[in-house]
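Following this line, the structures themselves.
Each of the next two complexes has subunit A plus one more chain, namely subunit B in the first and subunit C in the second.
For the complex of A and B:
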């Protein structure tokens, strides 16, 4: 177990090595939050029609929370795995008496700890100062946190699967760009899913993306029935288990397909 | 620990494309053809030996080493390490082997070398005492204190290689795989690394498998050698036997070219050219 703790610490240290990169990331997050905030504010104020489904306050809450969560959830596992597989450096990880997937997760976990401390918490402070009104649904915070944790796992497993496809495709980030566009739209990281047209909404029910942003953010920001919350969390849970199984399968088959690149 | 290899075979699939066609049809890969990287190799290495594993570029050395270390799965054949195999006893074997790939590093790129060592200490459950002893021993021979607090990206190639060598030996492995450990290393550092390898072998009875293109490495370290070419085993035996056999079969030429130095290097060169065996 201690070796995985070491990997968590290494993940943290690797994130902290280049302070200038961290500052750049930090400011980009703030800028992104500000952009999202301004765009949605402008959209609502330019359109005076009263929409019964979505109101300005809820939407803004949703967007702000989604942005903060994205700072935590986003994960560079795809790029990392791609680099490992396409350069052949993965060989050096495979000769260790460790579980490779657990190792990747530990590194990501360490990375996330730094992200919470250096990005999420400052973003929360800034948000509280700007918004000046309660944005969280206090009664549902515990469920919300659980839901975020599940979303975190789902996002990681999803990245892992796409990254591991490099066993077959060698380079998967272009595939990831394609999926990334779909992902950003359908997960609800940019636009609240309640605004989707009916067809898109129905398609989305059969895809895992919804479970990454839409579900946790909705639980965090809007009042829901107990049964609805339970249903949402169970949905997330199912997706997590399904993706976990797929990961194991892809890993077991892919490992055998491995050709160590570059001698 | 001993190594036994039986009928080891590995083939790669490659797309067959025309090399002269520059039109768009180039991209229409017609067939897959299989290339046999390692073809039906069998050998065994007893405990405590240093074996030189040599072959021309692309002969299948690295593929074999990667199968021996459990990174690649062979298509056919059996590898057993002290009676254990990678399918069932993967972790057990991993705890007992150390690997150095000359062109890759096991150390975390951005983090001081000592942190990577600490990681390996936990990973292999190395007792505190053994860890300290090893670090001290390696510090003496490999000058570790010079660079151990720097991250690998700031090290020279030779320093990095020394750090990698130390990292591979921290957990007292019983088999050490060295894949071209002396590429790009200066004469002095090379001599040091050789001495170190020899010392480790004698003191700890570690089995060592060494691939290299530097024949002087082989001569300095190995008693036995395995030569492969185009994936097949050409020779497996001691250095003296190889020289002896070569002199026997080339008696005439040897007399004719008395001036010609029949060193190991020329023998191996001739073998690569398909002259012998």
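For the complex of A and C:
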């Protein structure tokens, strides 16, 4: 256990190494929050709305919460794993008497602690000062937190699977870019999924992306029936288990495929 | 004339090199196609739910940002990749190579490559540009066409100048990538602010986008003027060429200052 705690600390330290990068990241988060807020605010206030399903207050809350939790949920495991595998550094990690995947998770955990302290909390403070109205749905906060934790795990497992694909691929950035784009749209981090046209909405029901943003953010911000909440959380659970199984399979097969030149 | 000949030679060699790995070339193009395709899908979803934004309908917004994207794609063909790589070249000392060539390092950096990954963006932009033009009823007169052409050219210069300036910063700091991504990142970048009419932002933001990092001059002002939107003050849509010229001069001098400062890290 001690070993993994050390890795958590390493993850924290790694994030703190470049203060200028942290400032840039924080600044870009604020810019993005402002961009999203302005666009959706303008969309609602300037026109007749076609889709009556969503209202202004809910949508703005949704957008704000989605942007804030994106600071926590985002995961750089894909790039890190790609680099480890393609440079062959992974061989060194495999020699150590620890479980590689648990080690990766520990680092990510450390990284996230820093993200909560330096991005999420300041962003929350700024939002509360500017919005001056209740954003969260108080009765559902506990469910919301549970849902965010599940989303966090789903995001991590998803990143792990994509990152491990580097065992088979030589160039990884096009795949990351492609999946990143699809992810951005379908997860609901950019546009609330309730606004999707029917077909897109139905396709999305069969994909894990909406379990990462759409489900937790909706639970956090809008009033839902108890049965609907239960259903949403069960969906997340199923995705988590499924992705966990896929991770194990990919890892077992990929490890065998690993060839480190000159290692 | 010589430069065009040289450029053609370079491109042939460059593309030959890239085509060696045709699978990865295809993947890169595919990834960019999906990236841009998803952006337009998102745009479609937004306007599936809403009619207008700040008094602009979807064809007007589409026309606005495709105008800007056209100039951006062309600018990126030439300047994006050299300015992205310059940080790494300076860090590793490989920039020395460029100093020993018989043409200026800047010309060499730009001419030796062609950033084909922006082709999907260009194709999508052209497609939706034509589509939006068909839906809009702008009466094209000679005056308007020449105004639009000058605006496009200014937009090209503005985008290029910003790219060069951000790239030149790497002569001073070790990591200029963050500044670059703060401006042009596909998710958070400041450039994304100009995909929508800028009157939806606060006054300060509008000033920033008009005078300091003049992305708004590349799409919003010229198109607003063509569509007959009410702009205050009236001269704003006409400053793009002047600003573009000023930016080009700044970029040119800034690059030269940066170049003088370069001290090799290598042997």
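Remarks
The rule we apply is simple: the second predicted complex is superposed on the first by the 255 of 263 C-alpha atoms of A that agree within 3 Å, B and C clash if a C-alpha of one lies under 4 Å from a C-alpha of the other, contacts with A are read in each partner's own complex, and residues count from 1 in each chain.
What we mean here is this: a contact is a pair of C-beta atoms (placed from the backbone, for glycine too) under 8 Å apart; a residue touches a chain by one contact, two chains touch by 3 or more.
Only a predicted model underlies this, so the values are computations on that prediction, with no experimental measurement involved.
After alignment on the shared subunit A, the placement of subunit B and subunit C results in a side-by-side fit free of clashes.
When the two structures are aligned on the shared chain, A:89 is found in touch with subunit B, with no touch to subunit C.
In the superposition on chain A, A:97 makes contact with subunit B only, while subunit C stays out of contact range. The wider contact with subunit A, measured as residues touched, comes from C rather than the other of subunit B and subunit C. In the superposed three-chain arrangement, the CA centre of subunit A forms the vertex of an angle with the CA centres of subunit B and subunit C, and that angle is 90 degrees when rounded to a multiple of 10. Once chain A of one complex is fitted onto chain A of the other, the partner contacts of A:27 are limited to subunit C, with no touch recorded for subunit B. After the two structures are overlaid on chain A, the closest C-alpha atoms of subunit B and subunit C sit 5 Å apart.
The interface of subunit A with subunit B overlaps its interface with subunit C at residues 18. Residues 18, 20-21, 24-25, 27-29, 31-32, 34-35, 38-39, 41-44, 46-51, 54, 170-171, 173-175, 177-178, 180-182, 184-185, 190-191, 195-197, 200 of subunit A are the ones that touch subunit C when the two sit in their complex. Taken in their complex, subunit C has these residues touching subunit A: 21, 24, 27-28, 30-32, 34-35, 37-39, 41-42, 45-46, 48-55, 173, 175, 178-179, 181-182, 185-190, 192-193, 196, 200-202, 205. Remark: subunit B residues 12, 62, 66, 69-73, 91, 94-95, 97, 99, 101, 103-106, 108, 110-111, 115, 118-119, 122-124, 151 touch subunit A in the complex. The touching residues of subunit A, when paired with subunit B in their complex, are 2-3, 5-7, 10, 13-14, 17-18, 88-89, 91-92, 94-98, 255-256, 258-260, 262-263.
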